[in-house]
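A, B, C and D label the chains in the order they appear, each numbered from 1.
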Amino acid sequence: MLFPAIVTQLLHAALLLALAPLLVGVVRWLKARLLGRRGAHPFQPWRDLRKLLRKQPVLAEGASPVTAAAPYVALAATLAAALMVPGFARGMALAPMGDLILIGGLLAVSRFALALAGMDAGTAFGGLGAAREMSFASLAEPAFVLAVMVLAMLAGTTSLDGIGAVLQEGAVGLRVSLGLALLALLAVALAENGRLPVDNPATHLELTMVHEAMLLEASGRHLALWEMQGALRLALWLALLAAVFLPFGTAPAEAGPLGWLLGLAAWALKLGLLAVALAVFETAIAKMRVFRVPEFLGAALLLALLGVVLLFLSTGLA
Amino acid sequence: MGFGQLSYDMAHLLGGGVLLFSFVLLYQRRLSGVIAAFAAQGALLALAVAWQGWAQGAPGLYLTALLAAVAQAVLLPLALRRLVRHLAVQRAVEPALGIGASMVAGVALVALALMVVLPATAGAGLQAREDLALALSVVLLGMLMMITRHNAISQLVGLLSLENGLVLAASGVRGMPLVLELSTAALVLMLAAVAGFFVFRLRESLASLDVSALHAHRGEREGEGA
Amino acid sequence: MTAAPVLLLCLLLLLAAAGAFAGRWPAPFGIAIARLVHGGCAAVSAGFALLAILALATGGMAPVLLPFGPPWAPLSLGLDALSAWFLLLLGLAGLAAGLFALEREVAVPPRRLLPWPLFLAGMALTLLAADAFTLLLGFELMSLASWALVASSPADAEARAAARQYLGFALFAAACLVPAVGLMGGLAGDLSFAGLRAAPPQGWAAVAVLALVLAGAGAKAGLVPLHGWLPLAHPVAPGPVSALLSGVMTKVALYVMARLLLDLGGLGQPLWWGVPLMVMGAASAVLGALRAGQERDTKVLLACSTIEHVGLVTLGLGLAATLRAADLGPLAALAAAAALLHALAHGLFKTLLFLVAAEVQHAAGSRRLDSLGALVHAMPAVALCALVGAAAAAALPPLSGFAGEWLLLQALLGAWRVGELGFQVLVAACTALAALAAALGAAAMLRFWGLAFLGRPRGPRTLGAQDAPPLVRAALAGLAGLAVLIGLLPGPLLMLGAGAIGALSGHPGLPEAAPLSVSPSVQGADYAPLPLAVLLGLLGAGLVWLCRRLSPQPARRGPAWDGGFQAPPPHLPFGDPATQPGADGFAQPLRRMLGGRLLAAHEAVHRPPPGDTAPARLESGFHDPLPGRLLAPLVALRERLSVAAERLRDLSLRRLLMLGFGTLVLLLLLLALLPGGGAR
Amino acid sequence: MMHPALLVLLPFLGAVVLAAIPRQPVAALANIGFSAGGFLLALALLALPREVEGLLHLDALNLPLLLLSGLVGLTTAVFSAATLPAEGFGPRAGRAYHAAFQLFLGANHLALLADNLGLMWVAIELATLASVLMVALHRTPAAIEAAWKFLMLCGVGIGLALFGTIVLALAAQPLTGGGAASLSIAALGRVAREADPALMTLAFVFLLVGYGTKAGLVPLHSWLPDAHAEGPMAISAVLSGLLLNAALHAILRAKAIVALNPGPLPPGALMVAMGLASLLLAAFALWRRRDARRLFAWSSIEHMGLAAFAFGLGGPAAMAGLLHMLGHSLVKSALFFALGRAIVLKGGQRLAAIGGLNLSHPVLGWTLALAILATAGLPPFSLFASEFLMAQQSVARLPWLALPLGLGLLVAALALLRTLQDLCFGPATADAPGAPPPALGEWAVLAPAQLHLLLALALGMALPAPLAALLAEAARIAG
């Protein structure tokens, strides 16, 4: 009982760490392809990381220990959250802790650390990025929690493992509410990961940046940690979406190596699918003005609210 | 024991006379006329009280009557007259409310007094009822006089005439303790003395007896500091 | 044990008396007396904390009657689990504030030494009361003593206006609570808690009690729309006072609300009983958090954040009341646990943050965010404690703020089981608002800590700042430690507070509280903060180790890259101030997104005419329109009525006589015309 | 042997003696001596049986008021001795002042002790005349205006009260058989149940309007603020502390009799209505005050209204009314003591002239602050307890009346505390140059005020059991 849980957990951790930069690379490559460019190799993020780790970090003159400590905190929190999201298997060692609200909290920790790092040197862009990041997060949070509410009502729990299990059994069936929650969560995921249309992960125009603006002063291993954190966060969100809305094929922890293998295949397929979808979406859409983001996230909030209310109606009728 | 027809008629007549002089007081414009009417009211009051003393067989009331006669009919009017002459105030005083209107108001007040007293005293003797109604009317008319006159002396006379009503009422109730009646009369005197003292003061510090001039000296007026 | 509360209260009174005489003695004695007062208050607070823990562990103490009291009934003191929970907060926060005052509030005039122990005594009396009259007595003592503290601060007109408004709201609170208690006591007039609990209000009386208590205790707690005084008055007071005002006094007000509405009057109430609490709570949470993210003054900012957290606690209380009415006992217990835990957590971390703000003001000479910055270098210990406090206030796991908000969200997510559609929609809205408030609060706390402690100095004074002396550091570190401890051990704490939860929810304790974790229900998710902290620690340590291995080079210092901008000229030693976001700049996104409607925020660019080389200016600002909109008409009405009353005074003697005559005639007419009267 | 009449005769004797003493400091000390004797006699009343003795009677209702009257008389005499130099009387005025003071005290005791309604009326009239004299002593136009207004309004009022007394006697006469018994409170209480209710109500209307004028109930209150503000400093204290109580006590006696057999207009309802009107009008009028003594005189109107309201409610609320009367006398006279000294120090009684007492004169400032707090009905003083009981009774029995009650209390307390903040906590104003020091030392001003506050505290929070029982019995008498 305990043993497979721990094994799957360790496996999951290793897979995540390995896959996260790769996933970023794949999305970038796909986007380039879709735009008709050759694009960098999907392994390019890994190569960047290796190069960054070798470089000597430079700290800004006014920087405090916060700059040095923040990336560790952020990455640890993101990693902890990512470990709790079921991947190829369910019932991993950390699954009992894998509560959606806690995951939201851990992501908030890493965001807090990131924003602090951005403010530490006292530069214009760092502060700007931090202010915008926290503002967007403020608007994303209610949409996220309402989406969680839909799931919690359907599954009776906010534990991701439990939600996945209930949805995988199919007892819930296809629901309009679920679809609305999906849309809301997608919007939140885009905002949280700094993807288009909220933020452009590939931009070099400082005035339009949010996420990257906070990293302008980071270098060397600190930048590597931040890059890893970003990649891990994307992987976490894709895995989360997969675990909730594409629950098929996930193996129970006790299923043994063969079952795990099947689960792994299904997981890879799901992540791939989501990566493709993301790439297609990002090539099809343009970045919006900063102060239109509230409307975007507000729409997500309304969709989630609609989902919740519809669910009230259907439970009331049933 | 019961009252004879005569005693009732007489009491009624005297009481009515007192009330009539209240109307006269209301009607007067000239200060000397006011004081004369007040003196006449006092005299009638003394008679009425004395009659009550006889009718009720209460000798104490004679004392009250004597007091009333001396104070209300003689001393106070004389004092007021001296005051007026001494202060050399203008003799005619414009009332705040027109004479006609005061009369109408006075009649309404008498009606009110009757309406209130007569049903309420259904259990009491006939004479007591009538006396009380008349006395209440005198009291109300005294107050009416006070509020329709600007002049300090007229106001004072109004107050004293109100007290006349009280004495009338007190004498009408059979078995009213003597101490009350005596002290009533004594206090009326004292009140008048204090008030007269004030009238002097008023004249001294304000050079007028018109109490509306007094109003300007009230403490804490608007615009006196923030 | 029964004598202990009385003894502690008497000690406080003695300390107040000692404080009154401090001014009569020459300087060294005066300071010694000040030390005695503050030290004594800290010691008594520690006593309260011990007493509270003892009471929580042993189930409390039955009410005792004191040998004195108002003519109709003696005062009574008691200590049940609910009182003890809040007394624990008072004890801990009072201890820390006392220690802080021992260092920073020694050379104060006696007019501030006298009310300080009275303030503590008032709060303690409110909590220890076992009947409604004693409760109100303590509540008023607390209000008055704290007003004296607020009013005794350096006298500028603004502070006096704040004190006046503070007092106005305090009186308003009393004017609401007294009739509420009267209604609850009913004709029998038995005001003991046991008597009141036996006969909860019903019908229109229940509506009136609810409205009055909400207005009374809500005004004291700073619930929207009665919050106007709070951001004005809390910052005016000296550091430890504002810490207790915000940290503890608002909780005492919440205790009064919980005691009257949930414990004493909560049995057998209808479903809507908690709805007004939820609505006011959610509104307060959002508005408070939004304002906290906009204010420029550290203490005002913290006071606004208090509004937010008070709102969240009230939301939890309202939810508990409604769930109890719907017979969902375990869920109600969850909501009550959330409210209690968050109240405790907020009380402590807000005390910490206010003490930090006071220490920063002492060291850097300003409360304005725009004059601070880079203090992390000068005062690292304070900065670290402040970071813990800010992170707890930002509801980051695994700290204390998150535990309460996690429980609250879990209760909200389960509350749809009540089944009424209207209520469900309300719950959904409250859930979204609570989440919004939490995130806004996080942004506000980030702004607070980041602008005050990080970046470049915004004024020369910050360079001379020194770290806190040991006593202050001990107070701050202790509070920071508690913020961590409560965050890590919500399970044992809630097991200890089972009685308090039971009093609020009618369900004996949180069903799924274990030493290591808490959970909303058997199948619900677990929150296990201690293992989580271990996991985070392990991961962090692992990462550090890994990076040491993979990238051993030490870091180098260099000028900030700053997007490639050139180094500042020498006459600007800290760089161009305009290139660092200030308080307003950092608040801009949220001001634009949400501030327009809620805070009447405005922005205007003033451009010089063509040809003029002057720089363009951006002006922005906001104000909270709600208090003004609420107060202004009332003040105008009062003024109109006073003018009308004055007209009556302005009459001449003749008219005054007429007034009396008119009264008489009116009464006679009534007598003549009434049926059964004169004219039968 | 001890006889209640001594309590009346001693001050009257004092008045005669003091009228003959030309030297003011001696007169002031003699005044204290006579007042102290009065206080001791009042204390001795505790040992007497509570019964009717001729025209006087002693029961649970007038006993606490007499004790209070003795005490306030004594403390005011001390305070008056202290502030005498600041008043600047001539020799004649000084003699008149001291004589009138004792005359007032004696009349006041008589008004409380009288079992005979007529005697009570005489006593109140005497007290009025004495206080009119005292108000007019300063001879300024404003003082003359105040005294004239006082005399005219109260003269009418007292006349109406007499008429009411006569009507009451008329109602009782068929049952008591006439004579002094028609006016004896004890006898009236025995026969009131059979008397004609309509006549009794008529009597009560006149008594209410009459004595209500003296008690300062709205709309008959107009004399009160100016009379409080224009006389010597000590007069405000005795007017608020004693005269108003005596008048309200008279109303209570009438109400207790009439309520036994209520007619179409129940006396309680009338008192409630007038009480609320007083409370509300005073609460709003407080906001427009610029003169410190007038401000607190208006607050007396408010508190008399509150007491009338409580007595009007009756039942347990009568207890609140009684507590309120006693507590108000104590704190309001304490307030006037402290305020009087502050006025002398700052050289004026305009509110704008007095400020920041806590900074310039800490002990005086805090005493005044506590007195204002107590007057505003804040704990732990007795007015808080009585207002609490009043509010509780009112919401439990007549909830709609609790609304204006709460509103009035709130508005009034806000106004008072706004003043408190300016007087005591604000920036300090300059002291008047050459303000005379108190004649007997600073303690003579502060000790009476602090003693009163202490007693008010005890009254509200720690009433000895026998006194509590006495008050309960008194509340039962007041109905």
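Here, a residue touches a chain if its C-beta (ideal position, glycine included) is under 8 Å from a C-beta of that chain, and two chains touch if they have at least 3 such contacts.
Being a predicted model, the structure only gives us computed values, none of them experimental.
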Between C-D and A-C, more contacting C-beta pairs sit at A-C
Starting from the mean Cα coordinates of subunit C and subunit D, work out the distance between those two points in Å. 43
When centres are defined as mean Cα positions, the distance from subunit A to subunit C in whole Å is 35
CA centroid of subunit A to CA centroid of subunit D, Å: 77
How many angstrom lie between the CA centroids of subunit A and subunit B, rounded to a whole number? 99
Subunit D: which residues touch two or more other chains? 148, 152, 156, 160, 198, 201-202, 225
Can you list the residues of subunit B that touch 2 or more other chains? 116-117, 119-120, 143, 146, 155, 211, 214-215
Each pair of chains that touches is included here, namely A-C, B-C, B-D, C-D
Could you pull out which subunit B residues touch subunit C in their complex? 96, 109, 112-113, 115-120, 140, 143-144, 146-150, 155, 211-212, 214-215, 222
Subunit C residues touching subunit D - in the complex, by the definition given at the top: 23, 68-72, 75, 110-111, 133, 136-137, 140-141, 144, 151-152, 155, 160, 163-164, 167-168, 171-172, 175-176, 178-179, 181-183, 185-187, 189, 191, 205, 208, 638-639, 641-646, 648-649, 651, 653, 656-657, 659-664, 667-668, 670-671, 674-678
Complex contact set, residues of subunit C against subunit B: 650, 652-655, 657-658, 661, 664-665, 668-669, 671-672, 677-680
Of all residues in subunit C, those that touch subunit A in their complex: 373-374, 376-377, 391, 394-397, 402, 406, 409-410, 412-414, 416, 419, 421, 424-425, 428-429, 431-436, 438-440, 442-443, 446-447, 449-451, 453-456, 523-528, 531-532, 535-536, 539-540, 543-544, 547, 550-551, 553-563, 565, 575, 579-581, 585-590, 592-594
Footprint of subunit D on subunit B - complex, ascending: 116-117, 119-124, 128, 132, 135-136, 139, 142-143, 146, 152, 155, 159, 162-163, 165-166, 169-170, 173-177, 179-180, 183-184, 187, 190-191, 194-195, 198, 201-202, 205-206, 211, 214-215, 217-220, 224-226
